[in-house]
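Below: a set of structures, written as structure tokens.
Look for chain A in each of the two complexes below; its partner is chain B in the first and chain C in the second.
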Partner chain A sequence: MKVKCYIQGMAAISPQATFEGDVFSAPLVHTDSNLLTCMEPDYKPFIPANSLRRMTRLLKMGLTTALQSIRDSGVEAIGPIVTGTGKGSLQDTEKFIREIEQYKETALNPTPFIQSTYNSVNGLIALQVKGTAYNNTFVHRGFSFENALLDSMMLLAEGAPNTLTGALEEMTAEHFYIKSRIGFWKSTPTDSRQLYVQQSPGSIAGEGATFFVLTGTPTAHSKAALTGFKMLYKPTEAKVAAGLAEFKENVDLVLTGRNGDSRYEHFYRQVDTLFPGVPQLPFKHLCGEHDTAGAFGMWLAAQILHTQQVPAQWFPMLEALPANINRILLYNHFYGEQHTMIVLERV
Partner chain B sequence: MEDLKSKLKAQIIEALNLQDTKPEDIDDNAPLFGEGLGLDSIDSLELMVLLERQYHIKVEDPREGRKILQSVQSMADFIQSKQPA
Partner chain C sequence: MAERVFITGMGMITAIGDNVAENLGQLRQQRSGLGFTSYIDTIYQQVLPVAEVKHNNDALFALAGITSHEGYTRTTLLGLTAMREALRQAGITDVQTAPTGFINASTVGGMCDTEKVYFDIVDPTKSGTFLQYIDTLDCADCTQRIADTVGFTEHIATISTACSSSANALMFGARMIKQGFMPRMVCGGTEALTRFTLNGFNSLKNVDKQFCRPFDQQRTGLNLGEGAAYLVLESESFAKANNSRILAEFTGYCNANEAFHPTSPSPDGDGAYEAMKAALAMSGRTLEEVDYINVHGTATLNNDVSEGKALERLFGNNVPLFSSTKPFTGHTLAAAGAIEAIYAVLAIQQGLIFPNLNFKEKMEELNISPVTELMEGVSVNNVISNSFGFGGNNASLVISKYEG
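Now for the complex of A and B:
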């Protein structure tokens, strides 16, 4: 994909202190429960109390992050709203399904049903910002955010003034249990700080909401430029290597979605071979594994490019970095199926 | 009747997650929608569900619902009228 776009504003609610405060002094949040849970802000400054009372966690996280990214961008009129989510509001979905059983398909509350739909966060954002432009949510497992991003780039290429592009995911106890039964998580409690050392089947779970305001042209406030993008579905190792090789030139740092899962580590090992001497940083010990973890990776890459700093306390494995970081390659995949390569550059 | 209204107020607060409201803040005759508690159309559906779950009363006619859900007093009157003598 040859389209270039620019990040004007961004925000992230994640298990780390990414939403408020200084990310360069916030301590590393870690777990040994195989689940990294989001650090949630006070929602009251963002959402009217009368609306807040009805919203579940993911809706509050998604809407607040979206509003913060708009504030950060300085853009006044938001154009298309495009998001990706693997599972949407699980809390509402579970409540609705439980009540179907409990009340024998009668007397069902409308709220969990309405909010269990994948696009409910998009609707809430549009209502809040009075946005009447294109509005779409992609639900494509490990490609959910990436398809939202691709759609946004195409909208910008067609002349949209900007897009609000984001991703949201939550983890519930029920969903964590279901996924543990099908081998998504490690079978023994793992310290998230040791994630990359303890290679075994499965990873640790996570969640998060990340939003970007994108434009087709740069401004004085642009944080980073997105200059390369590739998605590969169930590729062979050779195809991944060929894809990575396309972005080999002048990369100063590679961010990888390494997650300690021994079953799919071989894909990431190719980065070691293809980018000898280029520093690498993994990010899943910060946000955990989830369908839209790639959005967190992109937030981190843009943050590093914009500030020219790495939050060192989050990366005990950090080695020497180049004095200037001008080009970052982000390579992530979701359980060996959906692979994404994104190149971000300093503006 | 007074017991029913107190119970109803607590149930409304719980069903609609009115976090900063206490039963004593709700006037028996104050309108539930628009002014008063400032509820909206989704809340009216939630209150219909409340009547069905807690009192086993199904409101079939939406026009009737508008009258029933006017205030705590009108809801209590309606519930009482449906109770077996």
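Now for the complex of A and C:
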């Protein structure tokens, strides 16, 4: 798809120290529980105390990341707000299901129902920033964030001054168990640092909130430009290869969504074949596997392009990188079904 | 200049019919689909009316043309039934003949089936065939099963903005066409009744124990419904080259947020006003050219005041004919926008204004009241269809007669 936009601001809450401080001195957070949990900041500077009390975890993470990305962008008036989330606030969904059962459908507190609605974070952001423009939420597994991104780029092409575009996902203990029953995670505890060498069925779980402020034209403040974009639904290996080949020119680094899942690793091997000699970095040992992990990958790519540095402690496998990183290809897929390719360039 | 977007196929299933023709028949006969649920396990079975599709899942499998039963939820089956009709009506036997995207809408995915087995799913001591429903809870499951059954492989997406979800799906599809990404899109939504949603709205004290009474002074809330609807959208150049039968033109739309309250609309209907005004401006039609408004009209205390005020603010003393069709179909949440978009096309094609059932007494806050009897032989050229949802999400669509 012919698209172009610029990242003006961004923020991420993730299992790594991405929200505050210097990511280049941050140690690598790892786990052997097969679940990487977000490092949550103090929400008080972002959300009034009386609101904070009622809000569940994903709402706090989503709203705070959105507000931080706006601060980072320096943009005063936020236009359309578009997000992606595969599962929404699982904590609220689970709570409401449980309370219906527990209280036999009577005297129920509506708050978990309201907060379980997939667009509840969008509504909260709009309330807090008085965002009365377009507002949309995509809920399609590994295409959730990427559809939000596509929508945002269309909005910019239609004349929107900017968009607030993000993704949010949480993992609960209950949902972790549910997904373990159908093979989402590795069956034995795996050190997240060993994710790529421990090839076996399943991956490790993760979560995160990532937001970007996007514009259609560059400014002195732009962190990176998005210049290529493709989504492929349940493609064959050949279709993936053809898709990747379209973005072959002048790629300095490929970020891959490799996740140690032996069932779908063959798609990532296309990158090895098509980009010989081009360095690759995987990122799922940082954020874990989740519906909107692609948003974390895009945050990382923009971070690298903007600072021309790779957080060394996160990548012990780091090979020699080119002196200048001008173009990064991000290739991710969610359990072999939703494949996404994004090209980001240095501004 | 962006391409015009035409509607070239429609398919639906609701409590008042398994297809578009049956829906039209029941609308003409002013027969509501409201009653009591046969399929949800709830203490409100005989208390809270709903508009349920009158088939159990076995019958729906036949309607949807599905032989394998594994893991298909009611949400998916309703969606497939509507999808097959939409494709048939558009003359599409193979969606692969032209690049075709699919934008679906859902509020709770396969909750209708997962809620029945949820406590088994989370219980490590239990195992069985219920495990096939594990991955049907999210909203993408129904979209992908529909896509895989009929063969969509191009762009797919699922939107969830509560009660405006499928209006936003139609908008997103139209915009992809206008930006040249795809010549043809199938857009809409599917929603099955669930104990989860029924208790959700009931906990908000938003559900009427009687049949809902939109825009009536005595209204006390909504009735939930279920169903699915999809519309085939085509670019003008594609529709002409393909010799498609054009049913109507999708001339305008707007999505605007109120930023007022998580679940309540603003008292003066700021979001509704903005959405209708901007959608109409995009359509290039004047206020006077609007012949009918299919209002959101849920019959909740807040919605109808807010939406009514917005109508009065926008149209002054000349508010067009309007009605809510929710007393026929119930509030079908994610499917509502697409179901009502089809009703808008039917109003244009058939020269009909559908009645707002159960209306008796004008609201004291408003000077306007809805159409209460079926009107036939009306020249309907432009219809506004409203869908408003939680999170301040307001969507208005303008559907117009195809004039060549």
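We take it that the second predicted complex is superposed on the first by the 347 of 347 C-alpha atoms of A that agree within 3 Å, B and C clash if a C-alpha of one lies under 4 Å from a C-alpha of the other, contacts with A are read in each partner's own complex, and residues count from 1 in each chain.
Here is the rule we go by: a contact is a pair of C-beta atoms (placed from the backbone, for glycine too) under 8 Å apart; a residue touches a chain by one contact, two chains touch by 3 or more.
Quick caveat: nothing in here was measured; it's all calculated off a predicted structure.
Undergrad: So, on chain A, is it clash or fit between chain B and chain C?
TA: Once chain A is superposed (C-alpha atoms), there is room for both chain B and chain C without a clash.
Undergrad: Of chain B and chain C, which one touches more residues of chain A?
TA: The larger set of chain A residues in touch belongs to C.
Undergrad: Quick check for you: in the superposed arrangement, does A:139 touch first (chain B), second (chain C), both or neither?
TA: second
Undergrad: Answer with first, second, both or neither: which of chain B and chain C does A:24 touch in the superposed model?
TA: In the superposed model, A:24 contacts neither chain B nor chain C.
Undergrad: Per the contact definition in the header, classify A:49: touching chain B only (first), chain C only (second), both, or neither.
TA: A:49: touches chain B, not chain C.
Undergrad: Thinking of the overlay built on chain A, is A:233 touched by chain B (first), by chain C (second), by both, or by neither?
TA: The answer is second: A:233 touches chain C but not chain B.
Undergrad: Which partner does A:114 reach: the first (chain B), the second (chain C), both, or neither?
TA: It touches chain B and chain C both.
Undergrad: After superposing the two complexes on chain A, what is the shortest C-alpha distance between chain B and chain C, in Å?
TA: 8
Undergrad: Starting from the residues of chain A touching chain B, keep only those that also touch chain C in the other complex, and list them.
TA: 106, 108-110, 114
Undergrad: Would you pull the chain C residues touching chain A in the complex into a rising list?
TA: 42-44, 106-107, 115, 118-119, 121-122, 124, 131, 134-135, 138-140, 143-144, 147-148, 152-162, 168, 172, 175-176, 179, 181, 195-196, 199-200, 202-204, 255-263, 270-271, 274, 389-393
Undergrad: Would you pull the chain A residues touching chain B in the complex into a rising list?
TA: On the chain A side, the touching residues are 49-50, 53-54, 103, 106-111, 114.
Undergrad: In their complex, what parts of chain B are in touch with chain A?
TA: Those in contact with chain A are residues 16-20, 38, 42, 45-46, 49, 52-53.
Undergrad: What residues of chain A sit close enough to touch chain C in their complex?
TA: Within the complex, chain A touches chain C at residues 1, 81, 86-88, 96-97, 100-101, 104-106, 108-110, 113-114, 116-120, 122-124, 126-127, 129-141, 143, 147, 151, 154, 157-158, 174, 177-179, 181-182, 231, 233-234, 337.
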